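In what follows, chain A forms one complex with chain B and a second complex with chain C.
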Partner chain A sequence: MASLKRRAKRIAFYGAVAAFCFFAASPFLFMLTTMFRQDRDLYRVGKDSLFFKLPPTLDHLRLLFFDTNYTTYLQNSFFIGVLVVVITLIIAIPAAYSLARLTGRWGEQAGILVFLVYLVPPTLLFIPLFQVVVKLGLNNTLWSLVLVYPTITIPFCTWLLMGFFKSIPRDLEEQAMVDGYSRITAFLRVVMPLSLSGVIAVVVFTFALTLHEFIYALTFVSASDQRTISVGVPTELIRGDVFFWQSLLAAAVIVAIPVAIVYSFFLDRLVAGFTGGAVKG
Partner chain B sequence: MRVPGLRGGVRVQLRYLLDREGLLGPLMLLPAIIYILALVGFPLVLAIAYSLSDVTAGDTSLDNFVGLDNFSRIIKRPEFRRALQNTILFVVVSQVLIIVLATTLAQILSQDFRGKAVVRFLIILPWAAPIALGTIAWLWLLDSEFSPIDLILRELHLLGPAGLLGRDAILGTDTNLVWLGRERLTMASVIMVHVWRLLPLSTVILLAALTTIPRDVLDQAEVDGAGFWRTLFQIKIPLILPIMGIAILFGMILTAGDMAVVYNLTRGGPVYYTQVLPTWSFFIGIEGGSLAQGAAVALFLLPLLLVVTILVLRLARRSEVT
Partner chain C sequence: MAVVETRGLKKQFGEVKAVDGVDLSSKEGEFLVLLGPSGCGKTTLLRLIAGLEQPTAGEVLIGGQVVNGLPPRARKIAMVFQSYALYPHMTVFNNIAFSLKAQGVDKAARQEKVEWATSILGIDKLLQRRPRQLSGGERQRVALARCLVREPTVFLLDEPLSNLDAQLRASARDELQQLQQRIGITTIYVTHDQVEAMGMGDRIAVMYQGQIRQLGTPREIYDEPGDTFVATFLGSPPMNLVERDTHLIGFRPEHFLPKGVPEVQDNLVTFSFPVTRVEYLGADRLVYGVVAGTSGDTKTMARLPSTVTVPIEPGGDYEFVVPAKELKFFDRDTGLRTGPKPL
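What follows is the complex of A and B.
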């Protein structure tokens, strides 16, 4: 009886696991297979049209890599991502440390305020920011995105790192300062090495955000060679009513898989990042 | 001529200044504050100023104050009510689904089982694809003619001319559902895609929360004979409530402010069945060039977000005290 019950539990458990995996990942299975299908093979409605009937082809990948700006978009997104990560770290690390250690009572209030800033969505700001970008002469260049993305990442990352810094015992720095370190050296030599998980969480989060962001990228940049993948791919591969399906799906999956590998590699640290920020913040 | 004493003096003075925490604290915070004031604070004020004026893409001078004209004109348009309703529906339904599914999934992933690393990778995939491109993949899956989902439903005899046991198929006798062409189904599709892409994020946050529950609390519950549901609702959920609040808050803000899914999946259509405030604001403000009205539409989000934020922060704080 008991073993029967346990068995039923196991089946229910793995059934749920399978259902979630199917929901999350089956679109990617489609992308991976569809990108190699010939047009005549894809546009069929018959019973077996889920499966290859004609031999697979690399034509659509060739189109994506050689006849569109896809590689430029990848470069642009990467370039923007790296710069935004650097800006975010330079500004958010000192701010978070200051809020966690140096500003006392009003620092806590300021911390909540920073968190609230993160909650202002881009949809509220894109129209005025577009005008700001135009006035600065940055419209139609990817520099506009380098300038604007930190407005999303700095508040969130400051809040996240603040939680990390708070979770490190004060005694460690104070001991270092008694030993003759200044506040800044103590921070760099003692606190930073212990906060590596937090910094990694920030880097992953920031980079991912620049890859995902859509509304600013759509609004500020219309020159094709300055676009990011999020906006560049749909605008170039959907021409009026004509969808280059296989190339579109390839473009998505080629980015998704490496990013997902990085994510699952750092998942534990990201998880630590969220609890650090949320519990102590 | 070198004056070593002087240089040393300056250095000592600098070091003395940097060791004064009252000064160092604000100094380290300053760059962040300047950035936020210049590129969040100022644009927010500008958005309000725009909404009270008649600026357009062609004439961006703010010299014409029109009061609340833009707002009253927007409220009178039939699309407004629909967009507001859609936004609320979109936010509430997807959040309920996400939180239920994410709690379940986080429970699963907090256990040890074989193949967990692969499962984690698969689960996180939707959050790894740039959302615009992920949505376009769904555009194919929901295609009005070639939809693979329809095909599978037809194979299962749930759709199409051939039903089960001689009866009509439960999803209709047409060969296709036309996911993105029918009023309710389109909204359901938008919600489904959004749940798909946001589920990994909420799961990660809730997983983080579950790992903070001390092991001995759960062991004690087991010793006391608490079953699965009892442990879930009376121990786990109360303990993770503050973080769950944060997850809900993130989810709601990301949903209410989202434009990528709706824009790429339906462009707010057909008609304005899936128009939400962000997309409508984009169409009026950027594509239509009427910056003032676009800004006004977006500002309708502000009170909604404010209410949500206050509620959740209260919830988080209250459960922190107890």
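What follows is the complex of A and C.
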């Protein structure tokens, strides 16, 4: 009787988990199936379902890869993403460490101020930033985004990493300094390995932001070969009131799935990264 | 091996004087204990010597060389923190070898040195473990091994036994002292535990409010305290202080015995001692009562060893005696030790 009850509980539990997983994954499932459907299969008014009625086709993928600049957009987004991640790490890590360790009580106040900057929405900032970009002669180039994205990522990541560095006991660094290392090498060999979760969280946050950011990408760049995925795909695949649904969804899935797989490798670290920073910050 | 010396060392944090003009000089190979209540500046003094804090004024000398301005790594010191500060992401082996890496010691020599240090401390089976898999006692040994491999000129230990349970602490105390005697490295040991200080130290520096109140061997500090702070800080229960005119008379509870108990009968000073409470502690009896002072009665304690079987009851009025040579005299206003005064 007891084992029956336990079994029923387990079934209910896994049933709920499966239902939740299906719910979370269903948009991707829909996207994955839709991208291979023929137009006649997709546009049957009132009779739509997830299941193929006509044989699948690769026509929409062909359109995406050969008749649009999709591969250029991919390259552009990847190029910007990597550069912005590198810039963010180079600036946010030392900033967060100094705010966490070296400036005493002012560090905390300054950290909060830095975080407040992050809360100013891009919809307010894009006009003044556009002037900056034009003055620097960067408008209509990828470099404008490489320059502007760190204004969003650095404040947030500095704040996130600050919480991390604070959670590492000073004793450890001081021990390393007594053990024969300078402050910088002590930082690199002791503090950094222990803050890896935070660094991964920063990389993931920054890279994801550069992939989905829209307003800056739309306003600063108009040349077709300089666009990123987030702007390039909708501008090319929505022509007037014609939506190339299958190609649009394919464009999104092709980016989303590899990124999701890479993230899943770091999932535990990532969760530790965001919660660790939040609780101890 | 080297001598550590501080000259007029001061450290101020804002308004707070953590270390307030300390002149201290260790002897070669000595086990020097800095003893004091928490917040007395002893850890700050140790950190100043280590180079983890920069002094506001004064000098630190190690081996006769002024080391102010030198970073910790250039001072040839080894330090054990209260938390042990083991690197959580490294194995025991790497924790110990970490400082050797910094010195550029090659791999074979590192292996050899780590094995040497760990075999001395009996932790050679733990080399592949991580700090979180170790017990408190094992962690402490790893921290010590990490110090040993560096072959430092000075050992700095900041309350290294305070995280151990009482039983382990006693054996760790013994091992630590033996280790120090074997390797003969000048050691400065910070503690607030007088038993540790008395048991381990060649000399003890008693600190209070950023200053060294007395420096001497455990016997000197205990038997001949320089002021009332030292007199009452050491000893459990502490020294009794009874006010007489402009001075205070101090005597240890173990010297305060019922009349007739001390074998020597001459040169005894007698006090009338109304008893309020008696605590039976097995090896001792603690007798609480009052002794009349100039400005009223003073709470006083006597510690009778279990060999003294004289019946003492609360509420009774007894005559207790102290050998005259065990009476210490202090100035009432400054608290400093003075010569004998008429009673």
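Rule of thumb we're sticking to: the second predicted complex is superposed on the first by the 253 of 281 C-alpha atoms of A that agree within 3 Å, B and C clash if a C-alpha of one lies under 4 Å from a C-alpha of the other, contacts with A are read in each partner's own complex, and residues count from 1 in each chain.
The working rule: a contact is a pair of C-beta atoms (placed from the backbone, for glycine too) under 8 Å apart; a residue touches a chain by one contact, two chains touch by 3 or more.
Being a predicted model, the structure only gives us computed values, none of them experimental.
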Legend entry - chain A as common anchor, with chain B and chain C clashing or fitting: fit
Legend entry - Three-chain overlay, vertex chain A: chain B-chain C angle, C-alpha, nearest 10 degrees: 90
Legend entry - Partner chain(s) touched by A:P169 [first = chain B, second = chain C, both, neither]: second
Legend entry - Touched partner set for A:V148, first chain B, second chain C, both or neither: first
Inset, instruction - Once the structures are superposed on A, label A:V117 by its partner contacts, choosing first (chain B), second (chain C), both or neither. - result: first
Legend entry - Chain touching more of chain A, residue-wise (chain B, chain C): B
Inset, instruction - Go through the superposed model and pick first if A:S182 touches only chain B, second if only chain C, both, or neither. - result: both
Inset, instruction - Could you look at A:L99 and tell me whether it touches chain B, chain C, both or neither (first, second, both, neither)? - result: first
Inset, instruction - Superposed on chain A, how close does chain B come to chain C by Cα atoms? Whole Å, please. - result: 7
Legend entry - Intersection of the chain A residues that touch chain B with those that touch chain C: 182
Legend entry - Residue ranges of chain A in contact with chain B within the complex: 13, 16-17, 20-21, 23-25, 27-28, 30-31, 34, 42-45, 47, 49-50, 90-92, 94-95, 97-99, 101-103, 107, 110, 112, 114, 116-117, 119-132, 147-148, 150-151, 154-155, 158, 182-184, 208, 211-212, 214-215, 218-219, 229-231, 233-234, 238, 243, 245, 248-249, 251-253, 255-257, 259-261, 263-264, 267, 270-275, 278-279
Inset, instruction - Give every residue of chain B touching chain A within the complex, in rising order. - result: 15, 18-19, 21, 24-29, 31-33, 35-36, 39-40, 42-44, 46-47, 50, 60, 101, 104-105, 108, 111, 113, 117, 119-134, 136-141, 145-146, 148, 151-152, 155, 175, 196, 199-200, 204-205, 207-209, 211-212, 242-243, 246, 249, 253-254, 256-260, 263-264, 277-278, 281-282, 285-286, 291, 294-295, 298-299, 301-302, 305, 309, 313
Legend entry - Of chain C, residues touching chain A in the complex: 50, 52, 71-73, 77-79, 81-83, 85, 87-89, 98-99, 102-103, 146, 150
Legend entry - chain C partner contacts - residues on chain A that touch it in the complex: 169, 171-172, 174-182, 185, 189-190, 193-194
